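Sharing a structure below in C-alpha coordinates format, with a few things to ask.
Each chain carries a letter (A, B and C) given by its place in the written order, and its residues are counted from 1.
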Amino acid sequence: MVFLTFLDYLGVFVFAMSGLLTASGKKLDLFGGFIIAFVTALGGGTLRDLLLNVDISWIIKPNYVYMVIAGVIFALAFKKVLNRIRKTMFLFDTIGISLFTILGVQKALEHDTPLAIAVIFGLITATFGGVIRDILSTEIPLIFRKEIYATACLIGAISFVVLHHYDINETVNLILSGSLIAIIRTIAVIKKLGLPVLNDKI
Amino acid sequence: MVFLTFLDYLGVFVFAMSGLLTASGKKLDLFGGFIIAFVTALGGGTLRDLLLNVDISWIIKPNYVYMVIAGVIFALAFKKVLNRIRKTMFLFDTIGISLFTILGVQKALEHDTPLAIAVIFGLITATFGGVIRDILSTEIPLIFRKEIYATACLIGAISFVVLHHYDINETVNLILSGSLIAIIRTIAVIKKLGLPVLNDKI
Amino acid sequence: MVFLTFLDYLGVFVFAMSGLLTASGKKLDLFGGFIIAFVTALGGGTLRDLLLNVDISWIIKPNYVYMVIAGVIFALAFKKVLNRIRKTMFLFDTIGISLFTILGVQKALEHDTPLAIAVIFGLITATFGGVIRDILSTEIPLIFRKEIYATACLIGAISFVVLHHYDINETVNLILSGSLIAIIRTIAVIKKLGLPVLNDKI
(Lines give C-alpha, C1' and ligand atoms only; values in the text may rest on other atoms or scores of the structure.)
Protein backbone atom coordinates (compact mmCIF):
# COMPACT_ATOMS: atom_id res chain seq x y z
CA MET A 1 0.00 0.00 0.00
CA VAL A 2 1.78 3.09 -1.29
CA PHE A 3 -0.58 5.39 0.60
CA LEU A 4 0.25 3.69 3.91
CA THR A 5 3.98 4.08 3.31
CA PHE A 6 3.41 7.73 2.47
CA LEU A 7 1.46 8.28 5.72
CA ASP A 8 4.16 6.44 7.69
CA TYR A 9 6.90 8.69 6.31
CA LEU A 10 4.71 11.72 6.91
CA GLY A 11 4.27 10.63 10.53
CA VAL A 12 8.04 10.35 11.00
CA PHE A 13 8.54 13.74 9.36
CA VAL A 14 5.93 15.41 11.57
CA PHE A 15 7.19 13.79 14.79
CA ALA A 16 10.76 14.88 13.94
CA MET A 17 9.52 18.45 13.51
CA SER A 18 7.65 18.37 16.80
CA GLY A 19 10.71 16.88 18.53
CA LEU A 20 12.94 19.64 17.22
CA LEU A 21 10.46 22.33 18.26
CA THR A 22 10.23 20.80 21.75
CA ALA A 23 14.03 20.82 22.03
CA SER A 24 14.22 24.54 21.28
CA GLY A 25 14.34 26.75 24.32
CA LYS A 26 15.93 24.00 26.44
CA LYS A 27 19.46 25.20 25.74
CA LEU A 28 20.15 22.17 23.61
CA ASP A 29 22.55 22.53 20.71
CA LEU A 30 21.90 21.41 17.15
CA PHE A 31 23.13 17.88 17.83
CA GLY A 32 20.93 17.55 20.90
CA GLY A 33 17.98 18.85 18.91
CA PHE A 34 18.59 16.27 16.18
CA ILE A 35 18.76 13.41 18.71
CA ILE A 36 15.53 14.55 20.36
CA ALA A 37 13.89 14.71 16.93
CA PHE A 38 15.24 11.24 16.08
CA VAL A 39 13.98 9.54 19.23
CA THR A 40 10.63 11.32 19.11
CA ALA A 41 10.07 10.09 15.57
CA LEU A 42 11.67 6.65 15.67
CA GLY A 43 11.99 5.71 19.36
CA GLY A 44 8.59 4.05 19.68
CA GLY A 45 9.09 1.93 16.58
CA THR A 46 12.63 1.03 17.66
CA LEU A 47 11.46 -0.29 21.03
CA ARG A 48 8.64 -2.18 19.30
CA ASP A 49 11.10 -3.85 16.89
CA LEU A 50 13.56 -4.64 19.71
CA LEU A 51 10.85 -6.31 21.80
CA LEU A 52 9.47 -8.24 18.81
CA ASN A 53 13.03 -9.26 17.94
CA VAL A 54 12.71 -8.15 14.31
CA ASP A 55 15.05 -5.96 12.25
CA ILE A 56 14.93 -2.34 13.38
CA SER A 57 12.93 -0.51 10.72
CA TRP A 58 15.29 2.45 10.22
CA ILE A 59 18.34 0.19 9.90
CA ILE A 60 16.94 -1.69 6.94
CA LYS A 61 15.06 1.31 5.50
CA PRO A 62 17.33 4.37 5.89
CA ASN A 63 14.56 6.45 4.32
CA TYR A 64 13.20 6.82 7.84
CA VAL A 65 16.43 8.51 8.91
CA TYR A 66 16.30 10.82 5.90
CA MET A 67 12.73 11.79 6.84
CA VAL A 68 13.99 12.75 10.31
CA ILE A 69 16.75 14.86 8.78
CA ALA A 70 14.22 16.48 6.44
CA GLY A 71 11.87 17.17 9.36
CA VAL A 72 14.69 18.79 11.37
CA ILE A 73 15.80 21.00 8.45
CA PHE A 74 12.20 21.96 7.69
CA ALA A 75 11.51 22.82 11.33
CA LEU A 76 14.69 24.90 11.60
CA ALA A 77 13.84 26.76 8.39
CA PHE A 78 10.20 27.47 9.19
CA LYS A 79 10.26 27.63 12.98
CA LYS A 80 8.41 30.90 13.29
CA VAL A 81 5.69 29.88 10.88
CA LEU A 82 5.30 26.48 12.55
CA ASN A 83 4.90 28.04 15.96
CA ARG A 84 2.13 30.20 14.55
CA ILE A 85 0.17 27.35 12.95
CA ARG A 86 -0.04 25.15 16.05
CA LYS A 87 -3.43 23.89 14.95
CA THR A 88 -2.06 22.51 11.69
CA MET A 89 0.78 20.88 13.66
CA PHE A 90 -1.79 19.34 15.98
CA LEU A 91 -3.57 17.89 12.95
CA PHE A 92 -0.40 16.27 11.61
CA ASP A 93 0.57 15.06 15.07
CA THR A 94 -2.83 13.43 15.51
CA ILE A 95 -2.56 11.72 12.13
CA GLY A 96 0.90 10.55 13.18
CA ILE A 97 -0.13 8.91 16.45
CA SER A 98 -3.26 7.37 14.93
CA LEU A 99 -1.19 5.76 12.23
CA PHE A 100 1.69 4.72 14.51
CA THR A 101 -0.77 3.00 16.84
CA ILE A 102 -2.33 0.93 14.08
CA LEU A 103 1.03 0.11 12.46
CA GLY A 104 2.32 -1.07 15.83
CA VAL A 105 -0.68 -3.32 16.39
CA GLN A 106 -0.40 -4.70 12.85
CA LYS A 107 3.31 -5.52 13.20
CA ALA A 108 2.68 -7.31 16.49
CA LEU A 109 -0.20 -9.33 15.02
CA GLU A 110 2.01 -10.29 12.05
CA HIS A 111 4.37 -11.82 14.60
CA ASP A 112 1.53 -13.76 16.24
CA THR A 113 1.49 -12.07 19.60
CA PRO A 114 -1.64 -12.58 21.71
CA LEU A 115 -4.29 -9.92 21.05
CA ALA A 116 -3.84 -8.13 24.38
CA ILE A 117 -0.10 -7.87 23.71
CA ALA A 118 -0.74 -6.43 20.23
CA VAL A 119 -2.71 -3.62 21.87
CA ILE A 120 0.28 -2.84 24.10
CA PHE A 121 2.50 -2.70 21.01
CA GLY A 122 0.19 -0.13 19.47
CA LEU A 123 0.59 2.00 22.59
CA ILE A 124 4.38 1.55 22.68
CA THR A 125 4.79 2.52 19.03
CA ALA A 126 2.65 5.63 19.34
CA THR A 127 3.75 6.94 22.72
CA PHE A 128 7.24 5.74 23.56
CA GLY A 129 9.02 8.21 21.29
CA GLY A 130 7.47 11.05 23.27
CA VAL A 131 8.35 9.33 26.53
CA ILE A 132 12.07 9.09 25.63
CA ARG A 133 11.96 12.68 24.35
CA ASP A 134 10.72 13.86 27.74
CA ILE A 135 13.17 11.71 29.70
CA LEU A 136 16.09 13.09 27.67
CA SER A 137 14.83 16.56 28.61
CA THR A 138 14.53 15.36 32.25
CA GLU A 139 10.81 15.99 32.41
CA ILE A 140 8.17 13.60 33.68
CA PRO A 141 6.70 12.28 30.44
CA LEU A 142 3.85 14.49 29.30
CA ILE A 143 1.49 11.65 28.49
CA PHE A 144 1.75 10.39 32.07
CA ARG A 145 0.40 13.68 33.29
CA LYS A 146 -2.21 15.03 30.95
CA GLU A 147 -4.12 14.73 27.73
CA ILE A 148 -6.24 11.81 26.77
CA TYR A 149 -3.57 10.99 24.14
CA ALA A 150 -2.68 7.50 25.32
CA THR A 151 -6.27 6.59 26.10
CA ALA A 152 -7.26 7.46 22.54
CA CYS A 153 -4.49 5.16 21.25
CA LEU A 154 -5.64 2.43 23.63
CA ILE A 155 -9.23 2.58 22.42
CA GLY A 156 -8.17 2.63 18.76
CA ALA A 157 -5.78 -0.28 19.29
CA ILE A 158 -8.52 -2.35 20.96
CA SER A 159 -10.90 -1.46 18.14
CA PHE A 160 -8.35 -2.60 15.54
CA VAL A 161 -7.69 -5.87 17.34
CA VAL A 162 -11.40 -6.65 17.74
CA LEU A 163 -12.23 -5.86 14.10
CA HIS A 164 -9.17 -7.86 13.02
CA HIS A 165 -10.42 -10.78 15.08
CA TYR A 166 -13.69 -10.66 13.13
CA ASP A 167 -11.76 -10.62 9.83
CA ILE A 168 -12.75 -7.14 8.76
CA ASN A 169 -10.76 -5.97 5.71
CA GLU A 170 -7.44 -4.52 6.93
CA THR A 171 -7.71 -1.25 5.02
CA VAL A 172 -11.24 -0.61 6.24
CA ASN A 173 -10.11 -1.50 9.75
CA LEU A 174 -7.13 0.85 9.51
CA ILE A 175 -9.34 3.74 8.43
CA LEU A 176 -12.03 3.03 11.04
CA SER A 177 -9.73 2.46 14.03
CA GLY A 178 -7.30 5.19 13.00
CA SER A 179 -10.12 7.72 12.64
CA LEU A 180 -11.46 6.66 16.04
CA ILE A 181 -8.14 7.64 17.64
CA ALA A 182 -8.01 10.96 15.81
CA ILE A 183 -11.62 11.79 16.71
CA ILE A 184 -11.29 10.88 20.41
CA ARG A 185 -8.09 12.88 20.75
CA THR A 186 -9.54 15.91 18.97
CA ILE A 187 -12.68 15.89 21.11
CA ALA A 188 -10.60 15.45 24.27
CA VAL A 189 -8.39 18.42 23.41
CA ILE A 190 -11.34 20.63 22.47
CA LYS A 191 -13.32 19.68 25.58
CA LYS A 192 -10.16 19.59 27.75
CA LEU A 193 -10.92 16.09 28.94
CA GLY A 194 -8.29 14.26 30.97
CA LEU A 195 -7.92 11.09 32.97
CA PRO A 196 -8.29 11.32 36.73
CA VAL A 197 -5.01 12.25 38.40
CA LEU A 198 -3.76 9.80 41.03
CA ASN A 199 -3.79 11.37 44.47
CA ASP A 200 -4.58 10.45 48.04
CA LYS A 201 -8.20 9.77 47.21
CA ILE A 202 -7.96 7.70 44.05
CA MET B 1 7.48 -26.15 39.45
CA VAL B 2 4.00 -24.80 40.07
CA PHE B 3 5.11 -23.13 43.29
CA LEU B 4 7.84 -21.19 41.47
CA THR B 5 5.39 -19.94 38.85
CA PHE B 6 3.04 -18.90 41.63
CA LEU B 7 5.81 -16.94 43.38
CA ASP B 8 6.84 -15.34 40.08
CA TYR B 9 3.29 -14.10 39.42
CA LEU B 10 3.04 -12.96 43.03
CA GLY B 11 6.27 -10.98 42.56
CA VAL B 12 4.87 -9.24 39.47
CA PHE B 13 1.61 -8.52 41.28
CA VAL B 14 3.40 -7.02 44.29
CA PHE B 15 5.82 -4.95 42.21
CA ALA B 16 2.89 -3.59 40.17
CA MET B 17 1.17 -2.55 43.41
CA SER B 18 4.30 -0.87 44.71
CA GLY B 19 4.79 0.89 41.35
CA LEU B 20 1.25 2.24 41.43
CA LEU B 21 1.62 3.44 45.02
CA THR B 22 4.89 5.18 44.12
CA ALA B 23 3.18 6.91 41.20
CA SER B 24 0.48 8.35 43.44
CA GLY B 25 1.15 11.84 44.67
CA LYS B 26 3.35 12.64 41.65
CA LYS B 27 0.47 14.15 39.70
CA LEU B 28 0.44 11.26 37.27
CA ASP B 29 -2.84 10.24 35.73
CA LEU B 30 -4.22 6.70 35.63
CA PHE B 31 -2.37 5.88 32.42
CA GLY B 32 0.93 7.14 33.83
CA GLY B 33 0.33 5.12 36.98
CA PHE B 34 -0.29 1.98 34.94
CA ILE B 35 2.92 2.47 32.93
CA ILE B 36 4.95 3.00 36.10
CA ALA B 37 3.40 -0.16 37.56
CA PHE B 38 4.16 -2.05 34.34
CA VAL B 39 7.83 -1.08 34.14
CA THR B 40 8.38 -1.59 37.87
CA ALA B 41 7.03 -5.13 37.63
CA LEU B 42 8.27 -6.20 34.19
CA GLY B 43 11.09 -3.78 33.26
CA GLY B 44 13.93 -5.79 34.80
CA GLY B 45 12.84 -9.03 33.17
CA THR B 46 12.33 -7.26 29.85
CA LEU B 47 15.87 -5.88 29.81
CA ARG B 48 17.20 -9.31 30.83
CA ASP B 49 15.35 -11.00 27.94
CA LEU B 50 16.45 -8.32 25.46
CA LEU B 51 20.11 -8.70 26.45
CA LEU B 52 19.93 -12.51 26.37
CA ASN B 53 18.17 -12.25 22.99
CA VAL B 54 15.32 -14.54 24.04
CA ASP B 55 11.56 -14.02 23.68
CA ILE B 56 10.30 -11.31 26.04
CA SER B 57 8.48 -13.17 28.81
CA TRP B 58 5.29 -11.05 28.90
CA ILE B 59 4.87 -11.24 25.11
CA ILE B 60 4.67 -15.01 25.09
CA LYS B 61 2.94 -15.27 28.47
CA PRO B 62 0.35 -12.47 28.65
CA ASN B 63 -0.51 -13.70 32.15
CA TYR B 64 2.27 -11.39 33.33
CA VAL B 65 0.43 -8.42 31.89
CA TYR B 66 -2.82 -9.53 33.54
CA MET B 67 -0.99 -9.75 36.87
CA VAL B 68 0.13 -6.13 36.41
CA ILE B 69 -3.45 -5.07 35.66
CA ALA B 70 -4.66 -7.02 38.71
CA GLY B 71 -1.98 -5.39 40.88
CA VAL B 72 -2.97 -1.92 39.69
CA ILE B 73 -6.68 -2.50 40.31
CA PHE B 74 -5.98 -4.03 43.72
CA ALA B 75 -3.73 -1.12 44.71
CA LEU B 76 -6.33 1.44 43.57
CA ALA B 77 -9.06 -0.36 45.49
CA PHE B 78 -7.14 -0.87 48.72
CA LYS B 79 -4.79 2.11 48.69
CA LYS B 80 -5.54 3.26 52.19
CA VAL B 81 -5.20 -0.17 53.69
CA LEU B 82 -1.97 -0.84 51.78
CA ASN B 83 -0.43 2.39 52.99
CA ARG B 84 -1.24 1.30 56.54
CA ILE B 85 0.30 -2.16 56.26
CA ARG B 86 3.71 -1.06 54.97
CA LYS B 87 5.37 -3.91 56.83
CA THR B 88 3.37 -6.52 54.96
CA MET B 89 4.19 -4.74 51.72
CA PHE B 90 7.86 -4.81 52.65
CA LEU B 91 7.59 -8.54 53.18
CA PHE B 92 6.07 -9.13 49.73
CA ASP B 93 8.55 -6.76 48.13
CA THR B 94 11.44 -8.64 49.71
CA ILE B 95 10.07 -11.97 48.50
CA GLY B 96 9.74 -10.39 45.05
CA ILE B 97 13.32 -9.19 44.73
CA SER B 98 14.75 -12.39 46.21
CA LEU B 99 12.87 -14.43 43.65
CA PHE B 100 13.53 -12.10 40.70
CA THR B 101 17.26 -12.22 41.46
CA ILE B 102 17.40 -16.02 41.42
CA LEU B 103 15.15 -16.32 38.34
CA GLY B 104 17.41 -13.85 36.51
CA VAL B 105 20.55 -15.83 37.39
CA GLN B 106 18.86 -19.10 36.39
CA LYS B 107 17.73 -17.79 33.02
CA ALA B 108 21.22 -16.48 32.25
CA LEU B 109 22.83 -19.81 33.25
CA GLU B 110 20.35 -21.66 31.01
CA HIS B 111 21.73 -19.58 28.15
CA ASP B 112 25.30 -20.49 29.07
CA THR B 113 26.56 -17.07 30.07
CA PRO B 114 29.79 -17.02 32.11
CA LEU B 115 29.14 -17.21 35.87
CA ALA B 116 30.09 -13.56 36.55
CA ILE B 117 27.65 -12.45 33.86
CA ALA B 118 24.87 -14.58 35.35
CA VAL B 119 25.31 -12.67 38.62
CA ILE B 120 24.86 -9.39 36.74
CA PHE B 121 21.65 -10.75 35.19
CA GLY B 122 20.31 -11.50 38.66
CA LEU B 123 20.94 -7.88 39.61
CA ILE B 124 19.39 -6.52 36.41
CA THR B 125 16.24 -8.60 36.79
CA ALA B 126 15.72 -7.60 40.42
CA THR B 127 16.66 -3.93 40.31
CA PHE B 128 16.17 -2.53 36.83
CA GLY B 129 12.38 -2.24 37.08
CA GLY B 130 12.82 0.12 40.02
CA VAL B 131 15.51 2.04 38.16
CA ILE B 132 13.23 2.72 35.17
CA ARG B 133 10.39 3.59 37.56
CA ASP B 134 12.57 6.26 39.17
CA ILE B 135 13.89 7.59 35.85
CA LEU B 136 10.32 7.96 34.55
CA SER B 137 9.58 9.99 37.68
CA THR B 138 12.81 11.98 37.06
CA GLU B 139 14.40 10.93 40.32
CA ILE B 140 17.89 9.58 40.81
CA PRO B 141 17.22 5.85 41.20
CA LEU B 142 16.60 5.00 44.84
CA ILE B 143 18.87 1.96 44.87
CA PHE B 144 21.82 4.12 43.79
CA ARG B 145 21.36 6.22 46.88
CA LYS B 146 20.32 4.11 49.84
CA GLU B 147 19.34 0.76 51.18
CA ILE B 148 21.45 -2.33 50.98
CA TYR B 149 18.87 -3.68 48.49
CA ALA B 150 21.21 -4.25 45.54
CA THR B 151 23.99 -5.57 47.74
CA ALA B 152 21.66 -8.21 49.14
CA CYS B 153 20.77 -9.27 45.59
CA LEU B 154 24.45 -9.36 44.68
CA ILE B 155 25.34 -11.64 47.58
CA GLY B 156 22.38 -13.94 46.89
CA ALA B 157 23.22 -14.10 43.19
CA ILE B 158 26.85 -15.01 43.94
CA SER B 159 25.66 -17.64 46.43
CA PHE B 160 23.35 -19.18 43.81
CA VAL B 161 26.08 -19.25 41.16
CA VAL B 162 28.61 -20.84 43.53
CA LEU B 163 26.17 -23.52 44.78
CA HIS B 164 25.07 -24.12 41.18
CA HIS B 165 28.74 -24.60 40.24
CA TYR B 166 28.98 -27.33 42.90
CA ASP B 167 25.84 -29.02 41.51
CA ILE B 168 23.62 -28.40 44.52
CA ASN B 169 19.98 -29.30 43.81
CA GLU B 170 18.32 -26.28 42.13
CA THR B 171 15.33 -26.12 44.47
CA VAL B 172 17.52 -26.28 47.56
CA ASN B 173 19.77 -23.65 46.02
CA LEU B 174 16.80 -21.42 45.22
CA ILE B 175 15.53 -21.61 48.78
CA LEU B 176 18.98 -21.08 50.35
CA SER B 177 20.14 -18.20 48.13
CA GLY B 178 16.70 -16.59 48.02
CA SER B 179 16.43 -16.68 51.80
CA LEU B 180 19.92 -15.19 52.06
CA ILE B 181 18.77 -12.16 50.08
CA ALA B 182 15.61 -11.75 52.15
CA ILE B 183 17.52 -12.08 55.44
CA ILE B 184 20.29 -9.63 54.49
CA ARG B 185 17.79 -7.07 53.29
CA THR B 186 15.62 -7.40 56.37
CA ILE B 187 18.58 -7.06 58.73
CA ALA B 188 19.87 -4.07 56.73
CA VAL B 189 16.53 -2.29 56.94
CA ILE B 190 16.11 -3.03 60.66
CA LYS B 191 19.68 -1.98 61.49
CA LYS B 192 19.57 0.88 58.93
CA LEU B 193 22.73 -0.35 57.26
CA GLY B 194 23.82 1.30 54.00
CA LEU B 195 26.75 1.31 51.64
CA PRO B 196 29.28 4.12 51.98
CA VAL B 197 28.23 7.18 49.98
CA LEU B 198 30.72 8.39 47.39
CA ASN B 199 32.12 11.77 48.32
CA ASP B 200 35.40 13.65 48.27
CA LYS B 201 37.02 11.18 50.62
CA ILE B 202 35.96 7.84 49.18
CA MET C 1 44.63 -7.07 15.95
CA VAL C 2 46.00 -7.29 19.46
CA PHE C 3 46.62 -3.55 19.58
CA LEU C 4 42.97 -2.81 18.75
CA THR C 5 41.75 -5.12 21.51
CA PHE C 6 44.15 -3.41 23.90
CA LEU C 7 42.81 0.03 22.95
CA ASP C 8 39.23 -1.23 23.27
CA TYR C 9 39.84 -2.48 26.82
CA LEU C 10 41.68 0.74 27.64
CA GLY C 11 38.66 2.71 26.41
CA VAL C 12 36.32 0.73 28.68
CA PHE C 13 38.70 1.18 31.62
CA VAL C 14 38.95 4.94 31.08
CA PHE C 15 35.20 5.40 30.57
CA ALA C 16 34.53 3.42 33.77
CA MET C 17 36.91 5.72 35.68
CA SER C 18 35.25 8.82 34.26
CA GLY C 19 31.81 7.40 35.11
CA LEU C 20 32.84 6.74 38.70
CA LEU C 21 34.33 10.22 39.07
CA THR C 22 31.12 11.76 37.67
CA ALA C 23 29.06 9.78 40.17
CA SER C 24 31.04 11.15 43.12
CA GLY C 25 29.52 14.16 44.77
CA LYS C 26 26.00 13.18 43.69
CA LYS C 27 25.31 11.33 46.95
CA LEU C 28 25.36 8.00 45.18
CA ASP C 29 26.55 4.99 47.10
CA LEU C 30 29.18 2.51 45.94
CA PHE C 31 26.63 0.40 44.08
CA GLY C 32 25.21 3.42 42.29
CA GLY C 33 28.73 4.52 41.38
CA PHE C 34 29.49 1.10 39.93
CA ILE C 35 26.31 1.11 37.83
CA ILE C 36 27.08 4.59 36.49
CA ALA C 37 30.61 3.43 35.63
CA PHE C 38 29.21 0.31 33.95
CA VAL C 39 26.72 2.13 31.74
CA THR C 40 29.17 4.90 30.87
CA ALA C 41 31.70 2.32 29.68
CA LEU C 42 29.45 -0.32 28.14
CA GLY C 43 26.06 1.35 27.54
CA GLY C 44 26.82 2.61 24.03
CA GLY C 45 28.14 -0.76 22.86
CA THR C 46 25.19 -2.53 24.48
CA LEU C 47 22.63 -0.43 22.61
CA ARG C 48 24.60 -0.92 19.38
CA ASP C 49 24.58 -4.71 19.82
CA LEU C 50 20.88 -4.74 20.75
CA LEU C 51 19.93 -2.75 17.66
CA LEU C 52 22.14 -4.86 15.37
CA ASN C 53 20.65 -7.98 17.00
CA VAL C 54 24.06 -9.52 17.72
CA ASP C 55 25.37 -11.01 20.96
CA ILE C 56 26.01 -8.32 23.59
CA SER C 57 29.79 -7.93 23.73
CA TRP C 58 30.21 -8.04 27.53
CA ILE C 59 28.03 -11.16 27.85
CA ILE C 60 30.27 -13.22 25.60
CA LYS C 61 33.50 -11.49 26.67
CA PRO C 62 33.29 -10.93 30.45
CA ASN C 63 36.71 -9.26 30.24
CA TYR C 64 34.81 -6.07 29.51
CA VAL C 65 33.07 -6.34 32.87
CA TYR C 66 36.39 -6.97 34.62
CA MET C 67 37.80 -3.83 32.98
CA VAL C 68 34.88 -1.85 34.42
CA ILE C 69 35.56 -3.27 37.89
CA ALA C 70 39.26 -2.47 37.49
CA GLY C 71 38.44 1.07 36.38
CA VAL C 72 36.15 1.60 39.39
CA ILE C 73 38.74 0.29 41.86
CA PHE C 74 41.50 2.35 40.25
CA ALA C 75 39.36 5.51 40.31
CA LEU C 76 38.43 4.94 43.97
CA ALA C 77 42.08 4.37 44.91
CA PHE C 78 43.52 7.33 43.00
CA LYS C 79 40.63 9.77 43.05
CA LYS C 80 42.63 12.72 44.27
CA VAL C 81 45.42 12.19 41.78
CA LEU C 82 42.96 11.69 38.93
CA ASN C 83 41.14 14.90 39.74
CA ARG C 84 44.50 16.69 39.57
CA ILE C 85 45.51 15.29 36.19
CA ARG C 86 42.37 16.23 34.31
CA LYS C 87 44.39 16.80 31.15
CA THR C 88 45.64 13.22 31.13
CA MET C 89 42.09 12.02 31.70
CA PHE C 90 40.94 14.15 28.78
CA LEU C 91 43.57 12.48 26.62
CA PHE C 92 42.37 8.98 27.54
CA ASP C 93 38.76 10.00 27.16
CA THR C 94 39.43 11.36 23.68
CA ILE C 95 41.23 8.16 22.69
CA GLY C 96 38.23 6.25 24.04
CA ILE C 97 35.57 8.07 22.04
CA SER C 98 37.66 8.06 18.86
CA LEU C 99 38.07 4.33 19.09
CA PHE C 100 34.49 3.59 20.15
CA THR C 101 33.21 5.58 17.16
CA ILE C 102 35.27 3.63 14.66
CA LEU C 103 34.54 0.26 16.30
CA GLY C 104 30.82 1.07 16.16
CA VAL C 105 30.98 1.94 12.46
CA GLN C 106 33.01 -1.18 11.73
CA LYS C 107 30.60 -3.49 13.54
CA ALA C 108 27.63 -1.98 11.68
CA LEU C 109 29.38 -2.34 8.31
CA GLU C 110 30.20 -5.98 9.12
CA HIS C 111 26.46 -6.51 9.44
CA ASP C 112 25.81 -4.86 6.08
CA THR C 113 23.91 -1.82 7.25
CA PRO C 114 23.62 1.02 4.73
CA LEU C 115 26.51 3.51 4.99
CA ALA C 116 24.43 6.31 6.54
CA ILE C 117 23.22 3.90 9.21
CA ALA C 118 26.79 2.79 9.98
CA VAL C 119 27.62 6.43 10.75
CA ILE C 120 24.74 6.54 13.24
CA PHE C 121 26.08 3.40 14.90
CA GLY C 122 29.46 5.07 15.36
CA LEU C 123 27.70 7.94 17.14
CA ILE C 124 25.58 5.61 19.28
CA THR C 125 28.58 3.56 20.39
CA ALA C 126 30.64 6.60 21.32
CA THR C 127 28.02 8.80 22.92
CA PHE C 128 25.18 6.72 24.29
CA GLY C 129 27.04 5.55 27.39
CA GLY C 130 27.41 9.18 28.46
CA VAL C 131 23.77 9.85 27.64
CA ILE C 132 22.53 7.05 29.93
CA ARG C 133 25.01 8.16 32.62
CA ASP C 134 23.47 11.64 32.58
CA ILE C 135 19.89 10.36 32.51
CA LEU C 136 20.58 8.14 35.53
CA SER C 137 21.86 11.26 37.29
CA THR C 138 18.72 13.12 36.09
CA GLU C 139 20.68 15.67 34.09
CA ILE C 140 20.05 16.72 30.51
CA PRO C 141 22.75 14.80 28.66
CA LEU C 142 25.93 16.85 28.48
CA ILE C 143 26.56 16.18 24.81
CA PHE C 144 23.17 17.67 23.94
CA ARG C 145 24.22 20.92 25.51
CA LYS C 146 27.86 21.63 24.88
CA GLU C 147 31.16 20.50 23.48
CA ILE C 148 31.78 19.60 19.91
CA TYR C 149 32.14 15.98 21.13
CA ALA C 150 29.40 14.40 19.04
CA THR C 151 30.21 16.47 15.98
CA ALA C 152 33.80 15.22 16.08
CA CYS C 153 32.50 11.63 16.21
CA LEU C 154 30.14 12.36 13.33
CA ILE C 155 32.91 13.72 11.11
CA GLY C 156 35.23 10.82 11.96
CA ALA C 157 32.48 8.29 11.32
CA ILE C 158 31.70 9.81 7.92
CA SER C 159 35.41 9.85 7.10
CA PHE C 160 35.71 6.15 7.98
CA VAL C 161 32.67 5.19 5.91
CA VAL C 162 33.88 7.16 2.87
CA LEU C 163 37.42 5.75 3.03
CA HIS C 164 35.93 2.27 3.58
CA HIS C 165 33.79 2.76 0.49
CA TYR C 166 36.97 3.45 -1.50
CA ASP C 167 38.57 0.27 -0.12
CA ILE C 168 41.29 1.98 1.88
CA ASN C 169 43.13 -0.48 4.16
CA GLU C 170 41.13 -0.84 7.40
CA THR C 171 44.05 -0.17 9.74
CA VAL C 172 45.12 2.95 7.85
CA ASN C 173 41.48 4.06 7.84
CA LEU C 174 41.15 3.43 11.57
CA ILE C 175 44.22 5.52 12.30
CA LEU C 176 43.25 8.35 9.94
CA SER C 177 39.58 8.63 10.94
CA GLY C 178 40.29 8.02 14.61
CA SER C 179 42.96 10.71 14.67
CA LEU C 180 40.57 13.07 12.90
CA ILE C 181 38.08 12.71 15.78
CA ALA C 182 40.77 13.22 18.41
CA ILE C 183 42.18 16.28 16.64
CA ILE C 184 38.79 17.96 16.07
CA ARG C 185 37.77 17.40 19.67
CA THR C 186 41.06 18.68 21.04
CA ILE C 187 40.96 21.82 18.89
CA ALA C 188 37.30 22.39 19.85
CA VAL C 189 38.07 22.17 23.55
CA ILE C 190 41.16 24.39 23.30
CA LYS C 191 39.34 27.00 21.20
CA LYS C 192 36.08 26.50 23.17
CA LEU C 193 34.12 25.87 20.01
CA GLY C 194 30.52 24.71 20.31
CA LEU C 195 27.52 24.11 18.11
CA PRO C 196 24.90 26.82 17.92
CA VAL C 197 22.37 26.50 20.73
CA LEU C 198 18.73 26.17 19.67
CA ASN C 199 16.73 29.19 20.73
CA ASP C 200 14.03 31.46 19.41
CA LYS C 201 16.20 32.59 16.53
CA ILE C 202 17.67 29.35 15.27
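Criterion: a residue touches a chain if its C-beta (ideal position, glycine included) is under 8 Å from a C-beta of that chain, and two chains touch if they have at least 3 such contacts.
Every value quoted in this text rests on a predicted model; they were computed, and no experiment measured them.
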Numbering shared by both copies at the chain C-chain A contact, with half separating same from different: different
Cα superposition of chain A on its sequence copy chain B - rotation in ° rounded to nearest 5: 120
For chain A paired with chain C, centre-to-centre distance based on mean C-alpha positions, whole Å: 30
Per-residue multi-chain contacts in chain C, two or more chains: 50, 53, 135, 138
Residue ranges of chain C in contact with chain B within the complex: 20, 23-33, 35-36, 46, 50, 53, 55-56, 58-59, 62, 65-66, 76, 79, 135-138
Complex contacts: residues of chain B adjacent to chain C: 50-53, 113-114, 116-117, 120, 131, 135, 138-141, 143-146, 150-151, 154, 194-200, 202
